[in-house]
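Encoded as structure tokens, here's the structure I'll be asking about.
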Amino acid sequence: MSATELAAGAPHPPRGQAVPDAVLYLDGVSVVFDGFRALNNLSLIVEAGELRAIIGPNGAGKTTMMDVITGKTRPTAGVVRFHDHDLTRLDEATIANLGIGRKFQKPTMFDALTVFENLELALKAPRGPFSCLRWVLDRTSRQKIESTMAEVGLTARAHDRAGVLSHGQRQWLEIGMLLMQDPELLLVDEPVAGMTDQETEHTAALLVRIAGARSVVVVEHDLEFVRALGSKVTVLCEGSMLSEGSIDHVQNDPRVIEVYLGR
Amino acid sequence: MISNASRFTRRATLGGLGAALALPYVKPSFAQSAPIKVGVLHSLSGTMAISETALRDTVLMMVEYANSKGGVLGRRLEAVVVDPASNWPLFAEKARELLAVHKVDVTFGCWTSVSRKSVLPVFEELNGLLFYPVQYEGEEESKNIFYTGAAPNQQAIPAVEYLMSKDGGEAKRIALLGTDYVYPRTTNRILRGFLKSKGIADADIMEEYTPFGHSDWQGIVARVKRFAGEGKKTAIVSTINGDANVPFYRELGNQGIKAEDIPCVAFSVGEEELAGIDTKPLVGHLAAWNYFMSTPGKPNEEFKALWQSYIKNPKRVTNDPMEATYTGFRMWMQAAEKAKSTAVAAVTPALIGQKLMAPCGYEEEMLANHHLSKPVLIGEIQADGQITTVWKTPDAVKAENWSTYIPENANRRR
Amino acid sequence: MSASLAAPAPAGAGRMTLRLVLIGAMLVLAMLPVLNRLPPDSALHVSDFIVSITGKWITYAILALAIDLAWGYAGILSLGHGAFFALGGYAIGMHLMRLIGPRGVYGHPTLPDFMVFLGYRELPWYWLGFEHFPFAILMAMAVPGLLAGVVGYLAFRSRITGVYLSIITQAMTYALMLAFFRNDMGFGGNNGFTDFKELLGMPLNTPSARSTLFYASLLLLLGSLWVCGRVTRSKLGRVLVAIRDAESRTRFLGYDVTQHKLFVFVLSAMIAGLAGALYVPQVGIINPGEFSPGNSIEAVIWVAVGGRGTLVGALLGAFSVNALKTWLTTVAPDLWLFALGGLFVAVTLFLPRGLIGLFQKERR
Amino acid sequence: MEKLIAGLLLLLVLALPARAQDAFTTALPGLAGGFSEAAAAVEQLGASADPRALPVLRAMAEGRLQKTPEGALRVPQGDGFVDPATGQPADAAGAETVRLNNRVRQALRGALGQLQIISPDAGERLAAAEGVFRSRSAANVPLLEAALAKETVPRIREQMELALAASQLVGTEAEGKRSAIARLGSAGTTEARALLIEARIANPDMATAIDVSLAAIEQTLAIRRAAETLFQGLSLGSVLLLAALGLAVTFGVMGVINMAHGEFVMLGAYATFMVQEACRGIPWLAPWSLPLAVPAAFLLAAAAGAILERGLIRHLYGRPLETLLMTFGVGMILQQAVRSIFGAQNREVTSPAWMQGTMMLPGGIAVTQNRMWIIVFGIAVLLLVIAAIRYTRFGLEMRAVVQNRRIAATMGIRTGRVDALTFAFGSGIAGMAGVALSQIDNVSPNLGTGYIIDSFMVVVFGGVGSLAGTLVGALTLGVVNKVLEPYAGAVLAKVFVLVAIMLFIQRRPRGLFALKGRAAES
């Protein structure tokens, strides 16, 4: 059975119709670059408060899917909704302000600014130029930043420039920035690359804790980590969904074993 | 000979903000026996360098010449050269520097009208003395400036009269082509008035302007050809500025516009400009100026010899603005000797009425309006890049810087 | 995009010294017109020339500040800031032309000479209102601001960044230059405006007018420094740095990059316009040459030489390069382009942080 | 040819000694007089149909006729001089050239036309017919009819017919006029139109016939004008293409913003000048100096480019804005260096004969030779660039380095060397553009500054990194500019084009031929 058929056969409601509890709703999304199909008729539903892990081999379309959701890439076809908002018509900043936060595969932040300043920029607050000009850091905001710094273990480095942090610290800082945004949906791309086992464990716990109040989508290679998350898993392959279910379910799915795990 | 290092400048070597702050503590002071300072305000870089560097050299040549004759009033002359870099505000700044810092006694400079207009308030404020050596549009008068180039009546009108004469080909239709700035605009306005007075209808006049340095003349030359193809003998009057002339003449030659059919008379084209073109296809096209290198006579032989020995190149050409610089410089020397002073207040009245047998072969006189009387020469371009005179006024013509063909001049404030 | 050359904030002590130096420099500048009034034989006398040229440099410094705000902080390398400067200059130039009134050569009560001459019967509509000084000043800010707003909106919205933006802004100033060179535009063509008589009732070309303009420029410099400092030290300043270093990341944080860039670009253009408005009465001429792309690049180079990303660097660059240029065009009229060109090459190669980087290193 | 005629003349003079008062001898001394006198004498000599007049007038037209201080004329022949009045060798001490003005030149053209219309040489007959056409004299009708009766070459026949028509039109015979009007109507040239417009005023009775002919001419001219505008646009486009091609390589392929690009073009123009000066001493080489200049300009500019890349630019990779500023400084230095070496004045680069004048395309479309060659040259350079990139080892390595520097390096490609070569290649192309520009613009230190912004606009408009985009971009801009020019004027046309490009880039930030997909994102 081909991947397309599988995806088509997956249970989901007819196109364009909102699903009651769905926070994120992708249906029939395709992205074509110069003839190359990065996403092929992909459908995905993430419900409120859900923690979802997405795995797949290189080139499966994980990052492209993130790009589509956050408005960086426009899909060639398909529906992408966040609650009632059609994400295919919005730009990155608007999408971010709707409550979708993203952590990049390669930790990206502002190297010229300090840890504190990076978190301050991420803090949920009016984003317009005039508001930024008038912005004064009040006590609650400061406390929020400080508690986040404590959470990600960067309190000691508050006034160091982000450019001098180690790779692991940068991962933490970016997670911290994500927390500061206070988003409803978090898209987390390979959060534990470069982390020690202990840190990985800590991250997993953190994500599980967060997921209660918001939805979290995690893309990861590290199967141990995914197992630690204990969430529903979606397997992508060649731009389409290959399998979905618990980690045990997908690990035993022969198709998954064939294209991914079995290699 | 060229003193560039005043105390002001030497101390400023500190550079940077330091230099800016150090400047105030330095003030120039010159001893009584100090040499006479001659300011040279010509662009040595930028777009105008092509025309103005030769004038800088002419002034330097004249300084050397004057010193070889024992200086002026027994004092040595010293040139102060600055580079205003074809940048008009920089002209004003450099003029101020020459007058206020270097305390020059006289300045030779400027080519474009805008550079002159830029420095004019500075010369008036600081009561300096400027010799301006290029033909221009007139409509100006300053007690601090002497204009040794032609006014419009000393160039444009005789040239068009010539075109309309039997010898010039009896032109009945005129295409006025110019660079879009004040000299061509004014000249063409005066010419329009003049042509109207000669009974030429507006429909028989074509007027077109192009930007500075315009290099693609295909369309315009083709339009002139079409204009000429509507009957009646046609001529071109070109007030195209410096750089744009080479591509213009090339296009004229390549599109086969022969002087016998559509003669083109130019007002800012001299031997220097032609040096960049192969003139064989252009033989017979005309230039109206007040001096040509080919002018016969002893004064011109002396001038040419002086120039070619100074520049150490027996092939270098002379041109009209160089001659005007030379004439102005000689007249200033005469006036300073007459006034027994180089003070502006003394030299200015002494300059009026100065006469000189100029290289153009006529005796020129400085008039009360600070302009010269000059002959008008019409020359034809030759295959060797020289221009030979085919017509000239019998006498030197007095300059009218306020043209009678511009009606607004009647209301002019005096 | 370009690799970030993030200028680190000078360490606390360094920042303090820098500020002291800056205050000292400002005080010295403020003293110049006073020293100018001393008798000429006094050891501390400062010549008119120095006062007038320093006044001009101050306006250049303001322009440099404006460029630095856009480039050093927000990463917008505009090669068209000379156009904003020139537009501000034209606005005040129009006012100065209107003030000449019947004192023009042709004695026309309202029309400037060049219009009389080109056969205008009445003032073009876009000249109306310029007889009022406040209106002219408003326009000196509004016109550059509006142009920056339109060009910036179109460019930033389409995410034109880096060298593309530089090329577009360069084309903008080039197109304006060509347009203003046309006599038919009603701005005096190549000759532009000159021979101004008075401003706010005070005759120009007098020492007192010069010192007034000097202080006005200095005041504007301080005001611009304050505004730029206010912006760069606010959260907005940090957002700008964020945009400079990682534009798309800033978007994913929910910042509307177009708005922020537009804000700083327009602000910068308005400051440049005001600088131009003070420049013109001091040099006594405005003409389309000010729009030439070379001028804008040169102004950017002042900032590069001084050190971008620090406000003091911009000032240092503007003063030092212009002082050098004034000095060299007299001392070495044939060679100064070698020296200046060589300086630009050397600075970009060896001093990526500009002259200010030298001081910063020393202090560490 | 001349010798033959002179010989015949000599025989003639010997055979008919001293025919005292004929037209020739009466008119001859007038040539040495003032301009009006000379013009009148030339006309008389032309009308005399005396074969003795031909060598004298020809010498005069070519600026070889001498006059002695006493006012006697001398025609140079071999090493000596001949007195045209007697045909005997004579002494020419102190003689100077007889000067001409346009009026005399005009008369000479008509007179030579009259005398040469029955010349055995086809070229001379054609020129003669043109000369007679322009002199518009009714007196020429019999002469032309006689000449036409003998003429067999179609091209000359046509010109003679037109000359005849022009002569008949100013005559008195109504029948001749009518046929002349019809003949000129089919000529479709501006000269014919000028004649008819003038005739319309002189002959109100024939206005209808003339209007029909004029309308026919207008129609032909309108088509021709459109074709010529297209040619002008393509010509401007090819200049832009040449100026931008080098940039398309350095900016498009390497991402280096080289503000000194214009100065490399200028170096190419000066190289052309130097090659020309070097060839001047070698007569057989002189006409080929321009083709020789192409490799010379390429090498000079390429060497300068390689030095710039190795010495400076390579330290600034990844910092395009700094590169921009640095190369601006380099441009200043190069300009001033050239100014110091060659002087600020323009340098003369002559066009070889095969690049001068006008060429007639089918349909009577007149195109200038130099621009025609520049179009050809532009296309040739484009093909060369494409070939170099597609089919050479260097091109392959270049593409590899552009796509993935690290992998290219691991495969043994010396990336530094490839960078230097690529930059040198782009600069060399700029140098070749300089050869072409030396034929239409000033060879001065400022040559390059006028082209740099246009070149950038072409590259950005066409799409960075796409040679096809550069070609289409350059030609589009050229043609649009030339189509707008008659309506908006040269300046506004350019301003409109610049604004249009700026707006276009808003819509397609990556230009006409944009690279799509992930590769373009990074």
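Letters A, B, C and D mark the chains as written, and numbering starts fresh at 1 in each.
One rule holds for everything that comes next: a residue touches a chain if its C-beta (ideal position, glycine included) is under 8 Å from a C-beta of that chain, and two chains touch if they have at least 3 such contacts.
Only a predicted model underlies this, so the values are computations on that prediction, with no experimental measurement involved.
Among the other chains, the CA centroid farthest from that of chain B is the one of A.
Between C-D and B-C, more C-beta contact pairs are found at B-C.
Separation between the centroids of chain C and chain D, computed from CA atoms only, is 44 Å. Measuring from the averaged C-alpha position of chain B to that of chain D gives a distance of 30 Å.
If you average the Cα atoms of chain A and of chain D, the two centres end up 66 Å apart. Among all residues of chain A, none touch two or more other chains. Chain C has residues 178, 181-182, 334, 337 in contact with two or more other chains. Taken residue by residue, chain B touches two or more other chains at 44-45, 180, 209, 211, whereas all remaining positions touch fewer. Chain B makes touch with chain D in their complex at residues 44-47, 49-50, 52-54, 166-169, 180, 208-211, 213-216, 218-220, 222-223, 225-226, 228-232, 243, 246-247, 250-251, 253-256, 259-261, 263, 272-273, 275-278, 281, 284, 286, 380, 383, 388, 390-391.
On the chain D side of its complex with chain B, the touching residues are 35-36, 63, 99-103, 105-106, 109, 134, 189-191, 193-195, 197-198, 201, 221, 225, 228-229, 232, 235-236, 239, 335-336, 339, 343-348, 350-351, 356-358, 366, 368-371, 439-446, 450, 482, 485-486, 489-491, 494. The residues of chain C lying in touch with chain B in their complex are 25, 28, 32, 35, 40, 43-50, 52-54, 56-57, 102-108, 114, 116-119, 178, 181-183, 189-192, 194-196, 204-205, 283-285, 287, 289-290, 315-316, 319-320, 322-324, 326-327, 329-334, 336-337, 355.
Taken together, the chain A residues at the contact with chain C in this complex read 70, 72, 91-94, 96-97, 101-102, 104, 108-113, 117, 120-122, 127-130, 132-135, 161, 163, 177, 181.
The part of chain C that touches chain D in the complex is made up of residues 2-3, 5, 77, 151, 154-155, 157-160, 162-164, 166-168, 170-172, 174-175, 178-179, 181-182, 293-294, 297, 300-301, 304, 334-335, 337-338, 340-345, 348-349, 352.
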